[in-house]
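Multiple structures follow.
Shared between the two complexes below is chain A, which has chain B as its partner in the first and chain C in the second.
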Partner chain A sequence: MTRLHPFTLLAIAGALPALAWLLPAPVGGLATAVVALGLTLTGGARLTRTAVLTAAPFWLFLLLLHDLPTSIAIGLRVTTMVASFVWVVGALPPPRLVEAMVAAGWSASVAYVFAATLAAAPVLRARARRIADAQRCRGLSARGGLAHRLRALWALALPLILSSLHEVDERALALETRRLVPGARRTPLSPPPDRGAERLARWGLVAACAAALGWRLR
Partner chain B sequence: MTRLTLERVTFRYPATEAPALEDVSLEVRGGEVVALVGSVGAGASTLLLVAGDLAPRVVGGRLEGRVSFDGEGPRAIVLPAPWTQLSGMAFTVWDEVAFGPANLGLPRDEISRQVDQAVARLDLEALTSRDPTTLSGGELQRVIVAGILAMRPALLLLDEPTAELDPVGARTLWKLVRTLAGEGTAIVMATSELDALPAITDRVVWLERGRVAATGPAALLASDALVVANMGTTVAAVWRAAGLPPPYPLTVAHAAQRWERR
Partner chain C sequence: MSIRLLVLIPVAAAISLALSAAVDAVALPLFLDTTGTILATALAGPGVGIATGVVTSAVNSLRNPTFWPFVAVQVIVALYAWLAARAGLFRSFKTAVPAGFGLGVLAALTSTPISYLVFGCTTTGGIALTTALGRALGLPPLGACFFGSFVADFGDKAVTFALVTSVLHGLPRRAAARFPWALRAIGAA
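Up next is the complex of A and B:
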């Protein structure tokens, strides 16, 4: 799956949520959620677990706010969105996306912004782990009562936010000096191959979404 | 011919009234190595940002005076922390080094040539297929320097470039600085490795609270004023602390000569 062209991966990740909202509930949402969760399985059980755990709070709030049929209808659509995003983040290495976008004629800086969004989650997770380790070394414990846990969360969240903001400045300088500037026409180093069958599949997904929209508006 | 000129430059960061640089004038030509020395907050890093056209253009702030640059290549800066300088867009060290040249839009074969040369200069051949995020701080710093060199800068700005390097890595880098200067690159560096400077630098600029306090050849590092301010070489400081008379020796070799002549 990771060998597919980045645009194909993005097209799948975009089409599934679109179809989830366009097709009639709950069958449409159920079908797209099953496909999306199935895709996460191709990246390993860890991705599926992440998708399910991320979608779980949405289900909880839906069940508190709505009746059961509505909760199921919306919940399946939200699950499709979450699972599609988790899958594409796991399956699409940002450098490949940049190469593909640059090869397609996009500006390097626009491609970077797009790819950096995908790269942000693992980077932040790694930094949060380092901060947690550092705070633990200084005696912070995240166990105990709710008030204690909230204080611990604050001690973890604040350095994470501040260090991220600080890093933005330095990273901007570093990227600027390496000429990642608006309008830069980057040379693609190893552009991923874009086969005709994949291009056709992408158009097929667009056509499927358009057909679903037309059918619902009929 | 490469030439960087700062004329009576005063720079203030956003939302501050106190200038980080005040009335600084400096000219650096291709082939020259200029070292900026001073205590923390003296303005050396800011001067590098101004020289690199990053302040105020990227960091904001207000600049008075004139900064001009002529050169056949770009001006590029190496910052002290290597982790924040990673592109985040490379699977391998080779790709990371190629990030800058690719952004310059160079043809692929030229990128390949420049990257291979930079990799060899920084002794990174064994690491080219490694994931940059798995490298140590010192290895990463060498990768970042290689990435900058692969862009063939006409003006190279180094901000504490040896902060993450071990002694061998630092010596390699200092030797490379001299080699690059010999090839015509203009180099301005801020460093606290004062003992390395006599063998590398053509000129020393001593900054204090944003102003140029003194400028001169490397021998300035053995002057009484710099030694008293803890900005001299270790040999000069030891000579003075031992109560031996000035002029203070700059290096161990100078000290040995002086000692033998006594």
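Up next is the complex of A and C:
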């Protein structure tokens, strides 16, 4: 599965939830949920466990808020969506998606924005934890009333945001020296192969979703 | 779009994603997941703000796929923040906090149909529990769903607007002037 083209993986992950909502409940949702959970098994039991643990609270709250048939109908759709996303995240490394986007002629800027966010998020999370540790050393307490906690939040959030904004110029300069200017085309180093059969399969998935929509609307 | 504004998009999106660590540290019932969107809009206008919102939702979805259907809320937040920046509502807490309350109502109105139709109002534990409370108070299903979203969004967006106001005023003037909307948002241009 991981050898498939990134766009094919995304097409499968997008088509399954769409079909879960379009096909009549509960049979349609059950079929798509089984397929999606089956796909997670191809990535190992860990992915299936993640999907089940992510979907489980929804089932709990659905049973709390709705009757049994409604809970089953919505629960199977949500399970399909969760399992499809968990599977595609496990099967598709972001750098491979970026290569595919660049090879398909997408702007290098779009690929940069996506890849840079993925890279920056864990760095800023780690910085947020370091700021929290540093502020605690200076006597910051996160206990007490609402006003006290809000003041503590300001002491944590402001240094994080301001330091991140100060990096914008530095990053912009680095990109300019690498000539990543809007409209510039890049050459991918190892673009994933996009076979004709896969392109056909992607159009097949689009056609299946369109047919399901047409059938539901008739 | 200039390189500086392009770089601002991933930085602002990462700020939204990283603030959860700060919120966890002070144990407040807040999301602050639109901070980057509002900040990017106030600094650089609606195009950058909408792009930040979409990227934030896309990257958040890799961690928790239930975020993706709410991408429309991020777009609405960016457009509202743009109007607030145009009106200079980030000039002080006195103007920013009421504007944040307004966004809370708008965000709840936008997220309610998504939450109701896609998830049966079970998006997060807290919202599901307040929705259950709404049902127990005798509200109809859609009304209870709005009640749950409203309780979650109302205070969250006011705090987010106040936080962005603090950031805009905390930026040195020379740094703020490099972004096209920053000075107008705080009423200094």
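Before moving on, here are some points about what is shown:
The rule is simple: the second predicted complex is superposed on the first by the 145 of 218 C-alpha atoms of A that agree within 3 Å, B and C clash if a C-alpha of one lies under 4 Å from a C-alpha of the other, contacts with A are read in each partner's own complex, and residues count from 1 in each chain.
The criterion applied here is as follows: contacts are C-beta pairs under 8 Å (C-beta built on N, C-alpha and C of every residue); 3 or more make two chains touch, one makes a residue touch a chain.
Predicted, not measured: the structure shown is a model, and the values here were computed from it.
Judged by the touch definition given at the top, the superposed model places A:Ala108 against chain B, while chain C stays out of reach.
With both structures placed on the common chain, the touch criterion links A:Trp87 to neither chain B nor chain C. When the two structures are aligned on the shared chain, A:Thr177 is found in touch with chain B, with no touch to chain C.
Of the two partner chains, chain C is the only one touched by A:Pro57; chain B is not. Contacts of A:Phe7 after superposition on the shared chain: neither chain B nor chain C is touched.
Using the contact criterion defined above for the overlaid structures, shared-chain residue A:Glu167 touches chain B and also reaches chain C. In the superposed model, A:Val123 makes contact with both chain B and chain C. Of the two partner chains placed by the overlay, only chain C lies in contact with A:Val78; chain B stays clear of it. The larger set of touched chain A residues comes from C, when the choice is between chain B and chain C.
Within chain A, the residues touching chain B in one complex and chain C in the other are 112, 116, 119, 123, 167, 169, 171-172, 175-176, 180-181.
Here chain A touches chain C in the complex through residues 54, 57-58, 61-62, 64-66, 70-71, 74, 77-78, 81-82, 84-86, 89, 109, 112-114, 116-121, 123-125, 127-129, 131-132, 142, 146, 149-150, 152-154, 156-158, 160-162, 164-169, 171-172, 175-176, 180-182, going by the rule given at the top.
Those residues of chain A that touch chain B in the complex are listed here as 93-95, 98, 108, 112, 115-116, 119, 123, 167, 169-181, 184-189. On the chain B side of its complex with chain A, the touching residues are 49, 52, 54, 58-59, 74, 76-77, 79, 81, 84-91, 95, 98-108, 111, 144, 147-148, 151. Within the complex formed with chain A, the residues of chain C that make contact are 1-4, 6-11, 13-15, 17-23, 25-28, 30, 32, 35, 39, 51, 55-56, 58-59, 61-62, 64-66, 68, 118-122, 125, 128-129, 131-132, 135, 141, 159, 163, 166-167, 170-171, 175, 178.
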